[in-house]
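Below is one structure; the comments refer to it alone.
Labels A, B and C are assigned to the chains in the order they are written; within every chain, residues are numbered from 1.
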Amino acid sequence: MDDLKSWAGENLELIRRKKPLIHNITNYVVMNYTANALLAMGAAPVMAHAQNEVADMVSLASSLVINIGTLSDSWINAMFIAGKSANHRNIPIILDPVGSGATKLRTDTARKLVRELQIAVLRGNASEVLSLADENSKTKGVDSLHSVDDAAIAASILAQELNTIVAITGEVDLITDGSKVYRIHNGHSLMGHVTGTGCTATTAVAAFCAVNDNYLLAAAFGLGYFGLAGEKAAEKYGLPGTFAIGLIDALYAISPDDLKAGIKLEV
Amino acid sequence: MDDLKSWAGENLELIRRKKPLIHNITNYVVMNYTANALLAMGAAPVMAHAQNEVADMVSLASSLVINIGTLSDSWINAMFIAGKSANHRNIPIILDPVGSGATKLRTDTARKLVRELQIAVLRGNASEVLSLADENSKTKGVDSLHSVDDAAIAASILAQELNTIVAITGEVDLITDGSKVYRIHNGHSLMGHVTGTGCTATTAVAAFCAVNDNYLLAAAFGLGYFGLAGEKAAEKYGLPGTFAIGLIDALYAISPDDLKAGIKLEV
Amino acid sequence: MDDLKSWAGENLELIRRKKPLIHNITNYVVMNYTANALLAMGAAPVMAHAQNEVADMVSLASSLVINIGTLSDSWINAMFIAGKSANHRNIPIILDPVGSGATKLRTDTARKLVRELQIAVLRGNASEVLSLADENSKTKGVDSLHSVDDAAIAASILAQELNTIVAITGEVDLITDGSKVYRIHNGHSLMGHVTGTGCTATTAVAAFCAVNDNYLLAAAFGLGYFGLAGEKAAEKYGLPGTFAIGLIDALYAISPDDLKAGIKLEV
């Protein structure tokens, strides 16, 4: 266990040394915040969405974030172009299916993305992630999303069916490859009062996947680091406006040793 | 009068209990800020603009914000699709005609929106709102926009002609259904130095319309609440960067009792 | 030299008195931040990108910012429409070739913009700016971008070839019309940890160009003012989240006399 925590710290050090380029095709709402978060982590963010540019851009990147928070048809096309190029080059894709399950466009798009592309990590809340199961999924037999254990079973089934790492964030984060399950107990309730904290957690996963091709652990480390930043910010700020800014500060201030000491990883 | 102030507080409590979903088709500049503001109020923001998604999304919402701050043709189409769906379902539409009067695209679009859709509340500054009057409007006979009384007369005429609540914000906010006129005396001059405070005032109106179908009062309450947040933020922050963040804090921190005590509503 | 510093202060005073409208066709990531920065400077920002609106909007503006940070074909068309209208009306265009050199779309677009439009000031980092040199450019003979002197020679050649003011920002900013070279020694390293500080430096140049048609000096003054704001923010804030907000505060708080005293202009 201490080995894993040390590894998390080493990954953070690598991010800061290598400054990996993270290509984001993401929603309009969070672009500024996630760009600042990635810079604070030590990574180099770039946003590019044009169909005639994304293949070029992703070829320069160490990971690709696809976030469906504000979709339109031309952006969907760009997501597939960038995703296929990333797969071709073994660049990990981190998918954030924002709002999947809420509208047909989002659900259909997320399902198609996860089936036509090889996704390294799928990161969402429980309802978003489980909306990706199709009609024949064995997750349909799992009764309740309210129990953490049931969520773990459903997530494991889905990880196997979709052949990806599934990361469900909530009060406790759950990360699984279909056999192993890790849990992260970092975080703070104020994060739910800031727009784009889920999307930013996804970019933290992307930053760790850029330096660690064990995507199961990279996802756990990224979520632990992000949750720890929420805890540190909440020590200084108790209201959501200043807290959101303090979260960026904390991402920057957390050292590899802080992460090693503070990550609450349950194996 | 005290009854009205209590009602404002009760509405705020309802927003926090029900967490109404507010669907925003709004401009790129303010999306992050208004989403954070709505979360701080206690509401649940969603941004969606695709023509093949907006009808689905608005069906889940308790009110719809249409804001024309960064227009393009496909977004205009989506505004009409979402708006017609909202009207069909009796979901209130709050229109913010940003920059109407400045360019033909904005003026034409705003005029068409207000005529083809049933708008619950039209919220803008004096020049934006009055640009919606067509050539035959009786507002054309009102000489000056500089006098508060003239603005009230023009706003009342327009509210009758457009069959909507008209809310003109400025040093004093003026809200009318064409017969009754309410005035709100909350606010702070620093709000004019932060981008999107007008757009955010509009979302506060939308949050109150989501829990109160007396849209005249809902608009007054929303503007009073937002102005009060500006006052509270200015007590702590005297410069526009930190003030903008403090405004989000204040929206979150203001309790129903604070609103009841602090709203400066003139009937 | 003291005359130049006084002129910088007078320009800032003019911006605050005239509140020039700055039309921005810029990227999604920085729109909110640059709008708030322009408001803090004293200018009036507007964002508009529709092909059927930009000519109308630019006709109201005192300068036009074209920033290619998140391109797509319809936005590129709008940039040319707005740019031609600006040239026709002698409204200065400030071009920020974000990411030029990284992808073909960006490089081609930036090269076409700088050749088909009359650009008042081209502002970027060294690699972005020098990517605008075509195959026959004499800058190709300049060996290294690592030496400040070589960058100055390349910038001067490019300014002559493109017939524009070239402003290369970095640890020291370099501004040249092809014969005279000014250097600005203001700034702080934390600016590199905030997204959009380059884009915001560009808007500061645009604000000064709106009140001073000596674009060489306007660019130097704008960059000095923006760098000074970074210094002031760093006196109060040592982490990038709060620093970014403090930078907006500082833009607002710096007086004409502060600018006169604090600008580090090397002729």
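The criterion applied here is as follows: a residue touches a chain if its C-beta (ideal position, glycine included) is under 8 Å from a C-beta of that chain, and two chains touch if they have at least 3 such contacts.
All of these numbers come straight from a predicted model, not from anything done at the bench.
A.B. asks: How would one label the connectivity among the chains shown: line, ring, star, complete, or other?
C.D. replies: complete
A.B. asks: List the interface residue numbers of chain A and of chain B, divide the shared ones by all numbers used, and answer same when the ratio is over half, different when under half.
C.D. replies: Mostly different residues.
A.B. asks: Using mean C-alpha positions as chain centres, tell me how far chain A is from chain B in Å, no decimals.
C.D. replies: Computed value for the inter-centroid distance: 34 Å.
A.B. asks: Among the residues of chain A, which ones contact at least 2 other chains?
C.D. replies: 28, 31-32, 244-245 - these are the residues of chain A that touch more than one other chain.
A.B. asks: Which residues, counting only chain B, touch chain C once they are in their complex?
C.D. replies: Checking each residue of chain B against chain C gives 27-30, 32-33, 69-73, 99, 102-106, 193-196, 239-242, 244-245.
A.B. asks: Of all residues in chain B, which touch chain A in the complex?
C.D. replies: 28, 31-32, 35-36, 39-40, 45-50, 52-53, 56-57, 60, 74, 245-249, 252-253
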